[in-house]
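These are the structures in question, set out in turn.
Two complexes, one shared chain (chain A), two partners (chain B, chain C).
And then the complex of A and B:
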């Protein structure tokens, strides 16, 4: 794990050095690709507003993530228990989920306004679907022989869900939650770009209009760092929860 | 007999085994899966405290029979399954050990062993204490906190057996518990099981593919026919207990073995000819 981390860091540093060198040697104009040193300097000098924007986006992403993950998990558990309802509902879920989320963003803005609520709803929506589909798959992918064993002990459907299905599904649930972290940041930013007065998405949108490309890159840098942090936190949680893998 | 076994005997078993009455009685039990007739009119009685071994060709319906006795599968109409003389719902009444150990990887040895106790709603703490005291008898002392992935095949089977014993029911169904073990481990586990059985007195129905094992363990060996499975032959094993590995080379043992081999081979050939083996 540590070796992998070291290799990842080494790769990252190498990439930055190459990037800096190429930009300087080829004299690429900054509006096409600014050098990393320029991005870092801009980020530092604009750290106040960038941190405010980052905090806003992080709040939307985390709130939506929490709501979506809980709803997705609860819905998956309910549908794992109710087979007939599941067969009715699942095809609809798949259809709704097959449309790219960005397509729903204008509707969210229309219904929930340009404040934080529309972003929270959008994030909850995408995270909810991801966790729901992963969790349901995990809950249903149990060994029928293990179900039979628990039933032979006198366990009912709830007992089987709690003692067998849920632990069996944990790895799949955690994968869904890990994938969701990055998606939740993306969706929050995209929805902000489409309509808001705050957040990193709005910062990027505004900077593009002002042809301030260094600030665009600075906002991207902050977004990446936040994403990375969330991803690392959920990955650490995953390793603790799914300790037997 | 260890102190732990003495204590647990009071904790776990329901009194002394009384005079032989039928613990389990199967009358004309059949089961069909679509076009496949798995079982055809199985008649079998097992006395209280008896150790019966069941042997038969692959696919003859042994596991199906177990699933029916455990209440997991319905028998086709016409047959009856009587537990203690009554045709009741069987789920939760029979201690069933499936063909694979099915240990849960997120539970350590103790917590796997108390799974049934937990399902029954017994307090975890008390169940863990019982399991901890039993661990030595099951050769798991010092491994109580290990996870299944960290155990050898023989140990995993002992955990599964302990889980079955902790589900405190008079009748135990063991589906090929030693099938996947190497010969040495297997011989050791057989002697160990007999020892455990003599202490935690239960009625056992035990599936195996191994004739030596069937004779060595059983009070009675039951041979099933090729599919559709029914009882082809029953042979009482009058060999004295406690049984010793030296028994396997005695003339008395071999006489029983020859008799059973003929029956088993005949049925296996039928299965082979049918292309199902």
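And then the complex of A and C:
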């Protein structure tokens, strides 16, 4: 384990050193590829506005994530109980889901304006879909013999859902939630780039217009750090909730 | 029968769309009637066909390279433990980078070409394939490998005849996910100055606040996604013919 950790860190350091060396030796202009040291320096000197923008994006992502995760989970539980409705609805859900979320972003902007609401709606939409599909898959993938056993002891559909389906589905639900974390940041940033007055996506858009590519890289760095933090938090939660894995 | 299962949800969705607009009197600002959207596509048929082809090409280019790189790096990680320890964390970290933010930089590097969009599509596709292929390789029973080896099979034989077929179902699961991601990458890549393609159409519709054109572009995106998805499913049915027995 420790050897793996050392190699992982070594790989990261090696990449950074290589990047820095190539940029310096080949004298690559910073607008094509700035050195890591330059990106860190720019991030530090612009930390005030970057943190403000990051806080805005994080707020949109977390709010949308919470709403989407709850909605996705509740819908999955409802459809797990109602088999006829599920057979009708599920194929249509798959069709709607086959369009990449990014394509809906202009629509959300037109409907909900360029404020935070359109971003929250978009994030809730993508997170809701991911959690819904994962949760439904988990809820339905139970041993029929276990269902029959619970039934024979007098459990109703709700009892089966609560005592059997939900615990069985937990790993799948947590996978959906973990995958969603990174996507929620990406979707918030994409929607911000298309139309907003605040946030990291807006920072990136503005920096591109001003041909300030160091600031683009700095914003990407901040966004990546936030994503990584959210990812680590949800992964830790996953280990807690699905302790038997 | 299979065709029916494909067409039925589409028809149902179309009926629901038209019915809801008529019955609930939804404002065309939110949801124009479906026939109006289809009419818009019909009226500008060649333009939509061109956007379809361009975006399809970008997404498929990134998707195919991403799939290949995914399988190759999974093979390397499977055989060389140290390589896996060293690079896999970087692969994971790379996926927390909001790639879309890179769009502007990638376009700066490659210009406004097919390559720029394909590069973004590639970045989104290779990771799921790497993860699933690696999981597939690792799940192979070592006794089967030992058996093949005892019969004198070379590494290459073992890969072709045991490792790859065993991992194929999982690889295709990842490919189906990646198909959608590749399309998303191509569409967003077009937002940085491209003039043709589904993404460019979406952007133009947004700036002109044309809801009908926006829905027409969304339907075109769905058609591109459906086309890629359909081909992947067909290839999967041919290659993983034993899937239903799993």
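As a working rule, the second predicted complex is superposed on the first by the 238 of 245 C-alpha atoms of A that agree within 3 Å, B and C clash if a C-alpha of one lies under 4 Å from a C-alpha of the other, contacts with A are read in each partner's own complex, and residues count from 1 in each chain.
Everything that follows uses one rule, which is that contacts are C-beta pairs under 8 Å (C-beta built on N, C-alpha and C of every residue); 3 or more make two chains touch, one makes a residue touch a chain.
Quick caveat: nothing in here was measured; it's all calculated off a predicted structure.
S.K.: Who touches more of chain A, chain B or chain C?
M.R.: Here the partner covering more residues of chain A is C.
S.K.: When the two structures are overlaid on chain A, which partner does A:182 contact: first (chain B), second (chain C), both, or neither?
M.R.: second
S.K.: According to the stated criteria, A:84 is in contact with first (chain B), second (chain C), both, or neither; which is it?
M.R.: In the superposition, A:84 contacts neither chain B nor chain C.
S.K.: Name the contact category of A:167: first (chain B only), second (chain C only), both, or neither.
M.R.: first
S.K.: One more residue to check, A:148. First (chain B), second (chain C), both or neither?
M.R.: Only chain B is touched by A:148; chain C is not.
S.K.: Does the superposition put A:48 against chain B (first), chain C (second), both, or neither?
M.R.: Neither partner.
S.K.: Both chain B and chain C touch chain A; at which residues?
M.R.: none
S.K.: In the complex, go through chain A and note every residue touching chain B.
M.R.: Its residues touching chain B are 143, 145-146, 148-155, 159, 163-164, 167, 170, 243-244.
S.K.: Where on chain C is chain A touching in the complex?
M.R.: Where chain C meets chain A, its residues are 5, 8-10, 12-13, 16, 29-30, 82, 85-90, 93, 95-102, 104-105, 108-109, 180-181, 183-184, 187-188, 191-192, 198-199, 202-203, 205-206, 209, 211, 214-215, 217-218, 221-222, 225-226, 229.
S.K.: Under the touch definition given earlier, write down the residues of chain B that touch chain A in their complex.
M.R.: Answer in residue numbers: 67, 70-72, 91-92, 94, 96, 98-100, 102, 104-106, 115-116, 118-120, 147, 149, 167.
S.K.: Quick one: which bits of chain A touch chain C in the complex? Just the residue numbers, please.
M.R.: Chain A reaches chain C through residues 3-4, 7-8, 10-12, 14-15, 31-32, 88, 91-92, 94-107, 109-111, 182, 185-186, 189-190, 193-195, 200-201, 204, 208, 213, 216-217, 219-220, 223-224, 227-228, 231.
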